[in-house]
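Have a look at the structure below before the remarks.
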């Protein structure tokens, strides 16, 4: 039997761990790079500053929402209410702002708060009442959807022109949304990998019982990740309102699935405990570029569906294959 | 009327307590309660013909629910059945083009297609170890895309008279759809409760490794469960195609999540190993009746959604409590 | 004791179907190593779970430092200074060693981030204090079992506990590591920490314990100081009867070979294993833990695929690639982990018993032949004396002994030619244990060949017609049941493994 002294991991454990991490997100970034090359090859105008800016700005809402989804999935949960929350925040923001243009900022903050509260409700049910996250967030999402449609069942509302600056502003050559994303992801990554809270999130996803027995307030951690997810979803919806100028009760529909796809593509495991935001970012960009590429090439939206679905399955199958090789 | 309502609710509470161990019973009691409440609130609702119509509208969901229940019992989930319904519908409508000439081949093709979709799902899940959620979700997206590409975004076609009869006809006073639903439900009930296959499904869902060590060919059983789900989606697709009469790219919308909801509120646990077809049938009925009632009362779609979501949450809360 | 740190008074606890503890009193003093002994099912696990706050007791009181207290949960106990290390580890595999050791108490910098340098330093210190050397940057998922246990121990020790409960801590350690562990324990004693130590390795107990408490069938047999007992007196306290009258007579061996295993190999686990079992014979497979017995069993029963080798049943060569194949060949497998591998806990007794026989025996066309099935199940239930309210009862609610009987019943139903049994009576109450032994002998009488893996030496000696000893994935010795002795088996088992502490490492005359 091997003693602890005779263990031979790779010569430098730190390097081994970093290697493991790179191996996880390596493929995503590789795919991303390949995708960029393909896009550039098929459409030279792709690399123009304008189109790069477009891709980044149009990926912003998904990028924002995906942060929350990643946090939730890290705790071995899932949030299916993201899309509906985006729609709710988006619509109410636009509708209320139309009637009260003078309180634009206040309204935006209120919408964000609503998202936070809905998320907290989700988190309470999953963390404290131990309800199944899939069904719970599904039900909650449906309720939110109904609420949104009852406010207005068709696109409408209007945000103030100043408000639209949120998505239009540029600082030098860099669009403001890119900066938002930069800040968000940097803060998020720091929080996840460097703070006790972040470690708790991984611990809860990895082995909730152990985490609890070690004094980590697992129920609170779970509530917090869903609350953050709700908050960020609302922010994504508000951003969309700023970008499009009006509200749409169904705008958020595709986001739930896309957020899950981006997260999973980026190497975060549905079982929890493994993953991170670096990968999610790549996943978001892949989806964004794919959308743009298919649009630029006039490939019908319908094919996009097929491609997206295949990517989703393919990425996980690849993950499994890779794990098999290492065992 | 108030006294009757409270009396009814008390009775329900007591009944609920005694049959908490049998979830299927709960949902049927709930269906009964809903019927009573509906009758009290608006007598037109429980009128014979109208009630039959309501039951008819739950048939599609009920049929899909059978496959979903089977899959959930094994511990998985199938989110591709909604898109499968849509695909089957557009294919059937296009190929039949209003005549019965090719009825048999087209029906067989559609059924085979449904089973094939299930087979693919099952293989990816068992051999490539991709989680069922992602697999069927990805499949759903792909199927949706295929449906769009196949019709080029503009569905056309017409289903055949026979199919229309199945979908919207009557045998005596009973809608044909309902007969289909009942027959298929009974078959499924027998299959799950009385055949080795059914026992294996429950065993695999209850403890995969123990079942494997007991000689159950677990991969095969799981694949079969998804094939059954694909088949039930195909049947539902054909029936619904007959009902609306044409191709439509949104026919299957909502059936995926609603079939999960029907199963869950009918007592099938997400964790697998337990559940019943009868319960799901009750769940489908309950959900459809609720929507119908809300529509009948003039409540808009938005309110329906809110109620639907609330029902789901209440159901899992109740079942979580009863587990403790 | 006047200066007792923790006192459990008149504790009783029952679970559906079994009285786990019955009026047990137990106390621990600072700096004392208090050993807890007893057979499986004696109540040791339950007692320490109550001590650590994992279960509440039905009756009785807990006193801490002279004051009555009531626990709410393990965290509460931890705050008081009572911690436990169980056999199932409480680690997060995706985090590294340092993060696991300091789980929930991460040191932070001024800005609120985790101070990684400090984290690793504290973790390394915790390990070094007890002379363990492990790179704290490794992920727990990269460690082997012994290393994981070290992390588990360091994790408990870093919390400055007053009482440390250890449940079979040496099960996965080798001699050097055990010696280290004892050093750790002595250092803790010096610090005034009390240790509650569960083990069935008597020699270890004699080396390290101050006080010994023996439980039997949920009741307290006695608490004695080390000076007051001998190995034999302890065994008598634990078992209550001599070895001889426990086991059924061995008189069933026939001459035909029913199972032949030739040159079985499995990468990293089995190395060219060959053996034979005759009809009516019970072949005991002995050896230290983890020497390949489990792999052998899983290979023969198709639970894993072998790299090479041949299996012949009743003269016919069989290709066994899955449990399904094994069953068809007439091989039955009773696993040691009955909860996870032997039963579908949430289904009924009837469904479990019928499961392997459904397709071959209990079927008419596509349907289950229900009348036949009911008869089938009832016969087996009666034959094994399974105590359940009805065949429809969910197996989760049965006692350990009855659950094992359901497992045995299910396999009996397949009319096996060969029965492979791993740890047949682990975790079972004494009464059922004897029933199962008699049943095994009766099966042998009917011509079934039985391959039995057991880590309980008395069981091996008492039941086997022939014994093979495994070490490092190979068979290193073979002897007849009549001639075998403890010493012979032990010396064969430890051959090639460092000999210094081998005496205490192997479970001697105690039961598991």
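Chains: A, B and C, in written order; residue numbering restarts at 1 for each.
In the analysis below, a contact is a pair of C-beta atoms (placed from the backbone, for glycine too) under 8 Å apart; a residue touches a chain by one contact, two chains touch by 3 or more.
Fair warning: this is a prediction, and the values are worked out from it, not measured in the lab.
**Q** Name the shape of the chain contact graph, picking from line, ring, star, complete and other.
**A** The chain contacts form a complete graph, every chain touching every other.
**Q** Going by average Cα coordinates, which chain is farthest removed from subunit A?
**A** C
**Q** Looking at A-B and A-C, which one has the bigger number of contacting C-beta pairs?
**A** Counting C-beta pairs in contact, A-B comes out ahead.
**Q** Roughly how far is subunit A from subunit C, centre to centre by C-alpha average, rounded to an integer in Å?
**A** 45
**Q** Quick one: report the Å distance separating subunit A from subunit B, using the average Cα coordinate of each chain.
**A** Averaging C-alpha atoms per chain gives centres 31 Å apart.
**Q** Quick one: in the complex, what on subunit A touches subunit C?
**A** 1-5, 7, 9, 13-14, 16-17, 20, 190, 194-196, 198-200, 202-203, 205-207, 209-216, 273-274
**Q** Looking at the complex, which residues from subunit C come into contact with subunit B?
**A** 301, 303, 322-324, 326-328, 333, 335, 340-347, 351, 354-356, 358-359, 362-363, 366-368, 370, 410
**Q** For a test of understanding, state which residues of subunit A touch subunit B in their complex under the given definition.
**A** 78, 125, 129-132, 134-136, 138-150, 153, 257, 260, 264, 270, 300-313, 316-317, 320-321
**Q** Applying the document's contact rule, which stretches of subunit B touch subunit A when the two form their complex?
**A** Touching subunit A: residues 77, 124, 128-131, 133-135, 137-146, 148-149, 153, 257, 260-261, 264, 270, 300-313, 316-317, 320 of subunit B.
**Q** Touching residues of subunit B toward subunit C in the complex: what are they?
**A** Contact set of subunit B toward subunit C: 190, 194-197, 199-200, 202-203, 206-207, 209-217, 273-274.
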